[in-house]
Amino acid sequence: MFASVLVSGLVLGGIYSLVGAGLNLIFGVVKIINFAQGALLMFGAYFSYWIVTWLGIDPYLTLPIVAVGMALLGYLIQTTLINPVLKQERTSQLLITFGISLLIQNGALALWGPDIRFVQSFAGYDTFAFLGIRVGVSAAIAILGAAIIIFLLFVFLNKSKMGTAIRAVSQQSDSALLAGIDVKRVYAIAFAIGSAMVGVASVLMIPIYDIYPLMGEQFGVIAFIVVVLGGLGNVQGAAIAGVFLGVTQNIFAVYVSNQLSVAILFLIFLITLLFRPQGIFIRKMRVS
Amino acid sequence: MAQDCGLVTMASSILSIQNVKKSFGGLDVLKGINLEIEEGKITGIIGPNGAGKSTLFDIISGYQKANEGKIIFEGKDVSKLMPHLLARQGVIRTFQLTRIFRNLTVAENLLVFASNSKNQKGNSNERAIELLEFVHLSGLVNDEASTLSYGQSKLLEFAQVLMHSPKILLLDEPFAGINPGLIDQMMQHLRKLQSEGLTIVLIEHNLPMVAKLCDSIAVVTNGVIEMHGAPDVIVNDSRVKEVFLGGH
Amino acid sequence: MKKKLTSGLAILAVFGLAVSAMPQASAATKSIKIGLLFPTTGPMALLGTDQSVGAEMVLKWANSKGGIKGVPIEIFKGDSKSSPAEGATAAQRLIDQNGVQIIIGSYSSGIAAAIAPVAQRNNVILWEVGAVSPTVNSQRYSNFLRTVGVSATYAAADYDFTVNFLAKKLGKPAKSLRIAIANNDGAFATSVGDAVNSLFTKKGLDVVAKEVYPVTSTDLTPTILKLKAAKPDVLFLTPDAADALLFWQTAQQQNFNVDALVGSSGIGGAGFVAKFGAAGVEGVYDVEAPALATMNYDGLDPAVAALTKEWVKAFAASEGHPCAVHCGDGIGGAYTLVTDVLPRAFAYKNTTLTAKGIIASAMRTNIKEGGTPQGFGVKFSNTSKSTPGENERARSVIMQWQSGSLKVVWPAGLASSTPIAPMVTWDKRK
Amino acid sequence: MRNKKATSEASSILTIPGLQSAGWPAFLGIAVILIGILAFPVAFDVRFYFVQVGILIMFYATLGTAWGIVGGYAGQHSIGQAAFVGIGAYTSTLLYMKLDISPWIGLIAGMLLSALIAAVIGYPLFRYGLKGDYFALGTVALGLIIFEITTSFSTITGGSQGIPLKYEENPLNFQFPNRTVYYYIIFIIWILTVFISYKLRRSRAGFEMLAVRDDEIAAARGGISVLKAKLTAFILAAVISAAAGTFFAQFILFLDPSTVMSLGISVQIILVAVLGGMNSYLGGTLGAIILIPVSQLLASTFTERPGTDIALYGVILIVLMLFMPNGILGLFRNSPKWRKIVGW
């Protein structure tokens, strides 16, 4: 059984990495606590769902449209709602994203009702089985997709000019400004790419998870754990962190306490926050 | 003081820095600093950028912990004290980049420093008024500090640290960004403070100014004290001229 | 300026509240004001909405028939936002702003428990059609009347079915059946899971696993693997709507087979068969009040059966999915109220409706089996009982997914089909 | 002229600015408002719903003001404040239900326990220098952990099924036949909280919090213990929140984790404080006066399409935060005179 638990944890971890990938840019670069992360994930899922319903295509084929649509939405959110309050109190940014989350979640409820919706991909609920260890095909696709987009993100950040600008801004926005980088534009692009990745996550997830207005809530919280655990802006770190969390959650659920298996993630998160250094670029001053 | 009895020629040391070493991520910033700061004197610390001057200040004032070595203040080892405890002992510093409380008013900025010190002297109200007049901020008492210009902020910080009645004052580039007229006044004020018994240590790039103000000068290069002595000796040293005044 | 602004605002607020708080005409009964208070947003919105819509259809039907003895019903709606505290405030608003005399609610036990004292203190009836926790009325509020069964009725039905059918059919003595119980840690699921567990252990059945998973869990594989390792013959599963689907999908992926799965809530929901198809859910049992859309109407009084069919059709048309259990709870509860209790309550006080009159009338309610859309009868426990106001005739039935519809299979008297066991294994489905 | 004025002000700069600078009109205004609030439930023939809205306003005003101490004064944006509301509510309720101890005593017990837990939790958080967003996220995690633990230990807490409180009309049991009494109880809790917040703003301890908020490093240089300032604020806010929690459980007569300790409630608390202006002792109150009635009004207006009201609430929030990122009272910060009065 241990092997099965471990593999299920790896699979879950892959999904966590996928969900965290987009937030890496939003939280890691723009540095806002985005309460709307889960709502955006849900919105992407509905987006894909409606395309599937109208066009009758396989959900995986909606990926480019959803990614582009979500990127536009993200760009719009950053330029119209977040950029104007960038220099203000952090709480006002946080509450704006909370407002966005209320709007998207309850807007979806008001428009489309509370029904649980689902899509069928070509993979259906098929399963790979190997030595008694079983993995859903759609889960395997999601993990493969996660690996690809995380790799692409890594390449983008490290090899492209825009990626370099994003990293510069992520590390120190003030110096980036001095270096002639249009920080607000970089933020908008980072938010857009982050949202596009959330869209990709949505599409890859809906063959596994069903679609309803609150579907993204839990994943939104977990995304923060993934990103902080892996290190802000650290793409590979987040991927490893996601896997670590998934494995921990499932092993804990089986061998310690099923009911506290979600709480343990929060505890790991808290302990990480206490002990990990917060950015190597700021020389840390002891004050307390 | 105990040291007074021993060497007649040497004034007592209020602050003793003993073999202080510090490295950041494998880079040795301080490689064993030894320095005695004499009570009631003004000591200047000069050296090129990155020589470790600010790090030394950070360690003296408790913001950084040395990897090795000791800081002895008034005969007690204070190496492990947190900054606020050092401040209460009378070790007060300024920073290269001004640090004031931007969302508080000018008056409140002084209030914060009014009574936390054990060696507060005199009426703090009068002292505050006097200090505000000195730094020409009397007209702005109720303005939010964020509205001050850079120079004004720097002056406010100066007033702030004096509000605290320090025993030893560590000034990190106090004259940068302040208009020349005021610099003279500040120097006069520093001398006055010195005459009242305050010990002052300052980091400054402007060697002539340091030479004019200080009783002794320590030169820091590459994480060690290259030399320490009277201003005229330092200013006329060929190495200092070469390394430090090369551009002039 | 600032001060003026604050005082201005404060005065405005006080004034605004006072004006909108003008006393309203008291119940000279020109109309009967009923509030529908359900969780229609938040995590309970899916099934809460079903219940609300079901109840509303019946109230509208009563109006179309000329109201209650010629007095029309005015319907007001509230949203408890899936939160007990919001529910309590919304209840007070319905009472004070809209002057409702009866609140039909609440879907969830927590919300019901928070509304009950509000109803009692305002002398308004809480007509409960959804909550199943037996502790809701532990304070013995007289204005609380509940038409549906409590979690103990689920456990009783499960026990009866296990001992009198499953054991025989599976060819084992009841005490040697390996029984597993699983539920999420939400209020409803915990209530039912605990009730089943305590009854079964008390009766000496062999409970080999009791799994509780977080309702927020993102992966049910650990739960399935643990259940699989316990090798149960029968599994009693109480999920909510979303995790029911995730559970079954994971069960398929992990090839988890049991001879019988008795679920509830989401297992009997419309989404369950829609997602997995008729073959995918064939043979799964559901314990609950009957799902109206697929029950056998033969056992119902013919007039009730005709009405029920009408409502089931109307519900499907307006909501886009069949009227299952929760919609049935709403319909059944409201039906008893408007056809039985309210007309008699009028008779008591010469067309003036009072809470006292409604309670007195409810105490005389005596509906036989087959007399309500849900099939069970209604008789409320009186104040001599440990919890008054409970429908002693409410019961849960065992249904089974057969060829894509949820048929009542147990007890035999209400059954529209015969139960099939053991359930087919995953490799035989398709 | 200007100089003279400046000097005269300077001569008293060490008196901390406050309400008295507005003179008698301010005190008259306050008196009128307070009398208005006290008279509201009895002077007008109001339905209890409006009294209840008043109770909710003061409940959230209390929580918002308390949050203002830790979030506004000390600058530590805790997003787990509801956990302390829950600790207060559960302590008094469990003592009452299981041991028959009066909730009045439970109120004190809850406050003490809350202080203890805040100290135990706050110490490592602040000691390890958790700052800004990391502190905020840490408190989110804390709130969720406490929520999950409360749900899990159902044998003691009743878990997700909650606890219906037994109702025995007896003032000693915090239970009154006339529910308007709750209005006056929360009034007292609220006014005390505002008073504490106001006094704190004018005290040495308050100044230290403000200094720490603005610049920890400079504050330490001033001899201020950063740890102590943050911890004091954190504990104070926790204690007040616990008191409000006990009150709320007694008022609603039902308690489950979602009622008192959900993330949504933590956010609502911040919302109230930030909208009003979190740096002012009046911010929480002003925020609650606006947000609670707005959400009630929306809920009673858009009953036909569930979700519409909350979505609109979200829009209102976005707009307010876009145009008043410092809250309503933040608009007054640039006027030295008003600044003193609102205590920015």
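Chains: A, B, C and D, in written order; residue numbering restarts at 1 for each.
Note that in this section a residue touches a chain if its C-beta (ideal position, glycine included) is under 8 Å from a C-beta of that chain, and two chains touch if they have at least 3 such contacts.
The structure displayed is predicted, hence computed values, not measured ones.
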Q: Chains touching subunit B and subunit C alike, please list them.
A: A, D
(Q) Need the most distant chain from subunit D, centre defined as the mean of C-alpha atoms. (A) B
Q) Between subunit A and subunit D, what is the separation of their C-alpha centroids in Å? A) 32
Q) Using CA atom averages as chain centres, what separation in Å is found between subunit C and subunit D? A) 37
Q. Between subunit B and subunit D, what's the gap in Å when you average each chain's C-alpha atoms?
A. 42
Q.
Measuring centre to centre with CA averages, how many angstrom lie between subunit A and subunit B?
A. 48
Q: Two or more other chains in contact with one residue: find those residues in subunit D.
A: 148, 151-152, 217, 219-220, 225-226, 306-307, 309-310
Q. Which residues does subunit C have that touch at least 2 chains other than itself?
A. 40-41, 45, 49, 185, 214
Q: Please set out, as single numbers or ranges, the residues of subunit A touching at least two other chains.
A: 106, 109, 114, 213, 259-260, 262-263, 285-288
Q | Touch relationships between chains, expressed as pairs | A | A-B, A-C, A-D, B-D, C-D
Q. Which residues of subunit D touch subunit A in their complex?
A. 71, 77, 124-134, 136-138, 140-142, 144-145, 148-149, 151-152, 216-217, 219-220, 225-227, 230, 267, 270-271, 274, 278, 305-311, 313-318, 321-322, 325-326
Q) Within the complex, which stretch of subunit A touches subunit C? A) 1, 4-5, 8, 11-12, 15, 106, 109, 113-116, 118, 125, 127, 129, 134-136, 139, 208-210, 212-215, 217-219, 222, 246, 249-250, 253-254, 258-263
Q: Write out the stretch or stretches of subunit D touching subunit C in their complex.
A: 22, 25-26, 29, 32-33, 36-37, 40, 44-50, 52-54, 56, 148, 151-152, 154, 159-162, 164-167, 179, 248, 252-254, 256, 258-260, 262, 264, 282, 286, 289-290, 293, 296, 299-300, 303-304, 306-307, 309-310, 329, 332, 338, 341-342
Q: Name, in rising order, each residue of subunit C that touches subunit D in their complex.
A: 1-4, 6-7, 9-11, 13-14, 16-18, 20-23, 40-41, 45, 49, 76-79, 81-85, 88-90, 92-93, 95-97, 109-110, 113-114, 116-117, 121-122, 133, 135-136, 138-139, 185-187, 190-191, 214-215
Q. Mind pulling up the subunit B residues that touch subunit D in the complex?
A. 61-63, 82-85, 87-88, 92-93, 95, 99-105, 107-108, 110-117, 124-125, 128-129, 132-133, 138-139, 141-144, 160-161, 164
